[in-house]
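Labels for the chains are A, B and C, by order of writing; each one numbers its residues from 1.
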Amino acid sequence: MRLILAGAIAGLRSYGKGANRTPPTRCPAFSGLPQPVRPAARRTSVLGSSLGRMNKPPEERALDVTTVSSAEHTRRDFLYIATGAVGAVGAAATLVPLIAQMNPDASTIAAGAPIEVDLAPISDGQIIKVFWRSKPIFIFHRTKKDIEEAQKVNVASLPDPEADSARVKQGHDQWLVLIGICTHLGCIPLAHQGEYDGWFCPCHGSQYDTSGRIRKGPAPKNLPLPPYKFVSDTKIQIG
Amino acid sequence: MTIMKRTVLAFTIAGAVAALVLPAAAEEQVAPPKLKWSFAGPFGKYDEAQLQRGFKVYKEVCAVCHSMSMVSFRNLAEPGGPGFSEAQVAAVAAEAKIQDLDDKGAPTERSGRPADYFPSPFPNELAAKAVHGVAPPDMSTLAKARTYQRGFPWFVFDMFTQYQEQGPDYIAALLKGYEEPPKGFQLPPNGHYNKYFPGHNIAMPKPLQEGQVTYDDGAAQTVDQYSKDVAAFLMWAAEPHLVQRKRLGFQVMIFLIVLAGLMYFTKKKVWSAVH
Amino acid sequence: MSGHSTYQPQNKFLQWFEKRLPVGGLIHSSFVAYPTPRNLNYLWTFGGILAFMLGVQIITGIVLAMHYTPHVDLAFKSVEAIMRDVNFGWLLRYLHANGAAMFFLAVYVHMFRGIYYGSYKEPREVLWILGVIIYLLMMATGFMGYVLVWGQMSFWAATVITNLFSAIPGVGDAIVTWLWGGYAVGNPTLNRFYSLHYLLPFVIAGVVVLHIWALHVAGQNNPTGIDIKADKDTVAFTPYATVKDGFFMAVFCILYAWFVFYIPNFLGHADNYIPANPAVTPAEIVPEWYYLPFYAILRSIPDKLMGVIALFASIVVLAFIPWLDTSRVRSARYRPLFKQFFWLWVIACIGLGWLGSKQPEGIYVILSRIFTAYYFAFFLIVMPLLGIFEKTKPLPNSISESVLGAKA
């Protein structure tokens, strides 16, 4: 409907241009269509010469530019512009629900709400996996040795330089919480494997250390951190 | 009179007689009284206090037997509804017992979260059926699943008056409609006589008593009030976006009327060239 | 389209493209410069309205299909999830459900216009038959769409309508089992209805293209029923028909919006908000209003097979009316007797619709039989005979004359 409206406006606008109003010769290849006819060409308009201008052939029309009063012109155009504008607003408004419906719906957003994880059952050196927003989250209860290894590294030499202290919450060095998706192409790395005592990704061989930082392999970045906070010493809220 | 006019008249009279005189439905159903609802009409809105009271009635009385499996606790905090806060919703959810699996895969119960749906009182359909012989219907869409015949010409008027509250009218009337069966009415064993239930024999025993539910906001604790409040709550449960729908509807109607007006004058202007 | 076209594109790119695929020229000659009779009334807008509604149904349908699950355990819940959780889901669902009703309302006005003004007559017979085919496809699409909700009425309507085919002697039961994909309406049935419901609207769109093509070969009919004789009988489609149609479409949208936003469940049946239960049949099984006349015809015949035949015949007979109607005059404006029989037929259609919603007993059955008899008599008796015996009014000399008077 909007296209028709736009076409109508375009049709009205191009009246003066004459380009599309020359009568055609019949197209043999498309003889199924009737020969388009110039509408009411020689009729004199009831409103006199001002609108009659539209109905004269291009050659004649050039001669009576002065017969159209500019007020009439503006009034006519204003109505068409107003109609076109309102139509366009309607068309745009119609798009809103069609596009919005593809965004996550209320139940998906609710399912992605923050979760709480109890850290008490996780023993020293253990890595568990939970899911939040359908993503795997690694929770690593690091031993003293793991923490030392992570802190000893020369940060500048890392492929993605980041200090271990920036990857844990203050006062909770032993807890490492990461999103367990390899930053290369999205596989889930395997825990307690690889040369750096962290993770090893079986897909293309990326290796992460005890701080979840990339050390070797094609992955460009360290394993990212999800948003989380400690609600108590033994409980975190992820999300 | 022409042949046509005579025949039209004959058919119209026959049709009108048939429509008005003959029974409308297979099973006799008494039309419930039309009540005033805050959500009726083009500018209708839910009354938050009423929805909260209705929820209380549902929770304390109806939820014992009736599930509402498509409504979630989080819906209680959404705009256009009972207007609970997120904290209140979390508290209400936590009171509910949700069936889940523990870490070892054994069935267990946990307390509800806002994202959970209202739990069903029965584990399955057969258990639900066992109590009264008929499974108590799920209440998620109940207010839209119940109606009564309006007959001609009232259903035509309803198109203009926007009467869409047949469901709540029926439910409120049914809850108050338990009475002694009239003389000669054969009530089967385990059945109960209800004035508004089609066929008058309902499996559900009278669910509401005076003073059964305590209201915190001072509203009357009568069966009449409980019926209205729970019917309004059920309407919200069936149609949670009613307020948004009517609001958007007003904006769309204004827009379309303006557009139609502009198109009309555009048409007149364009066609003046050939008239 | 080799060489000549009326359409001269404005810029270089469009000129380049036009030489290779003359879409612009096609649109220009079909919808811009196309000569349209100047005396068309608003009943002629309904073709455009139907194209618009087809677009609306396809777009809302595709978007709903992103959220719907066609499985017996999940279908009803997925529709409710659309209503509750999907952003604007309630709007899309109500647009689609009420859109179907508006689609059928428009198609009935469109068809009644065609019969009244003789638009089915020579040379528009194929145009008319394509229309009947579109109508049949619409009925199939609408029926399957309603089943997808998987409410009580969805399930039982599916059971009743598919069971109609068991009336066919011999192979009937095999056909029904084949349609069901099982021993009753069930999951296989739901899945295949979903597949076909998604497919058929595009088949409809294809037939609509043929329908518009056939229309443009013959040109529009008009309220006088007489052919275009001169240029002054016509106006260019754009802007004249375009703005007129645009105005009326806006009015039509007001009616549509009234249903969608204020009485979205008025045309539906409350029982379809009860999840399907194969063990419990509702007190009455009623189709949506646009099928009610045919439902009444089906139930008015006491014999099962004859009822089914009458049902299909009532639609198929439409395809034959270009030949059943023997009158040389097209438009009922100049056919005073035909006009009266036509309006009686319209009353019969509406009467059958009302009767379709009633239980088939007592006076309702008697009235259904009377109206059904008249429905068929209109096509099989009135149309052929009137052409021979009717005294028609004198036709105007031209379309322009009918609009402007003799001085044109």
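Simple rule for what comes next: a residue touches a chain if its C-beta (ideal position, glycine included) is under 8 Å from a C-beta of that chain, and two chains touch if they have at least 3 such contacts.
Quick caveat: nothing in here was measured; it's all calculated off a predicted structure.
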If each chain is a dot and touching chains are joined, what shape do you get: line, ring, star, complete or other?
-> complete
Find me the chain with the mean Cα position closest to the mean of all the protein Cα atoms on display.
-> C
Could you compare the number of C-beta pairs in contact for A-B with that for B-C and name the larger?
-> B-C
Taking each chain's mean CA coordinate, chain A and chain B are separated, in whole Å, by 39
Take the average of all CA coordinates in chain B, do the same for chain C, and state the distance between these two points in whole angstrom.
-> 33
Considering chain B alone, which of its residues make contact with at least two other chains?
-> 259, 263, 266, 270, 274
Scan chain C for residues touching two or more other chains and write them down.
-> 81, 84, 91, 235, 239-240, 243, 246
Residues of chain A that touch at least two other chains are 12, 39-40, 43, 106-107
Show which residues of chain C lie in contact with chain A when the two form their complex.
-> 1-8, 10, 26, 28-35, 48, 52, 59, 63, 66-67, 81, 84-89, 91-92, 213, 216-217, 219, 231-232, 234-236, 238-240, 242-243, 245-246, 249
Chain B residues touching chain A - in the complex, by the definition given at the top | 72, 74, 78, 113-115, 255, 258-259, 262-263, 265-266, 269-270, 272-275
Spell out the residues on chain A that touch chain C in their complex, using ranges where they run on.
-> 1, 4-5, 7-8, 11-12, 17, 19-30, 32-34, 36-41, 43, 96-98, 100-103, 105-108
Chain C-touching residues of chain B, taken from the complex the two chains share = 2-4, 7-8, 11, 14-15, 18-19, 22, 25-27, 42, 70, 75, 137-138, 140-142, 144-147, 152, 158-159, 162, 164, 166-167, 198, 238, 240-241, 244-246, 248-250, 252-253, 256-257, 259-260, 263-264, 266-267, 270-271, 274
Chain A residues touching chain B in their complex are 12, 39-40, 43, 45-47, 51, 54-55, 76, 79-80, 82-83, 86-87, 89-90, 93, 106-107, 110-111, 113
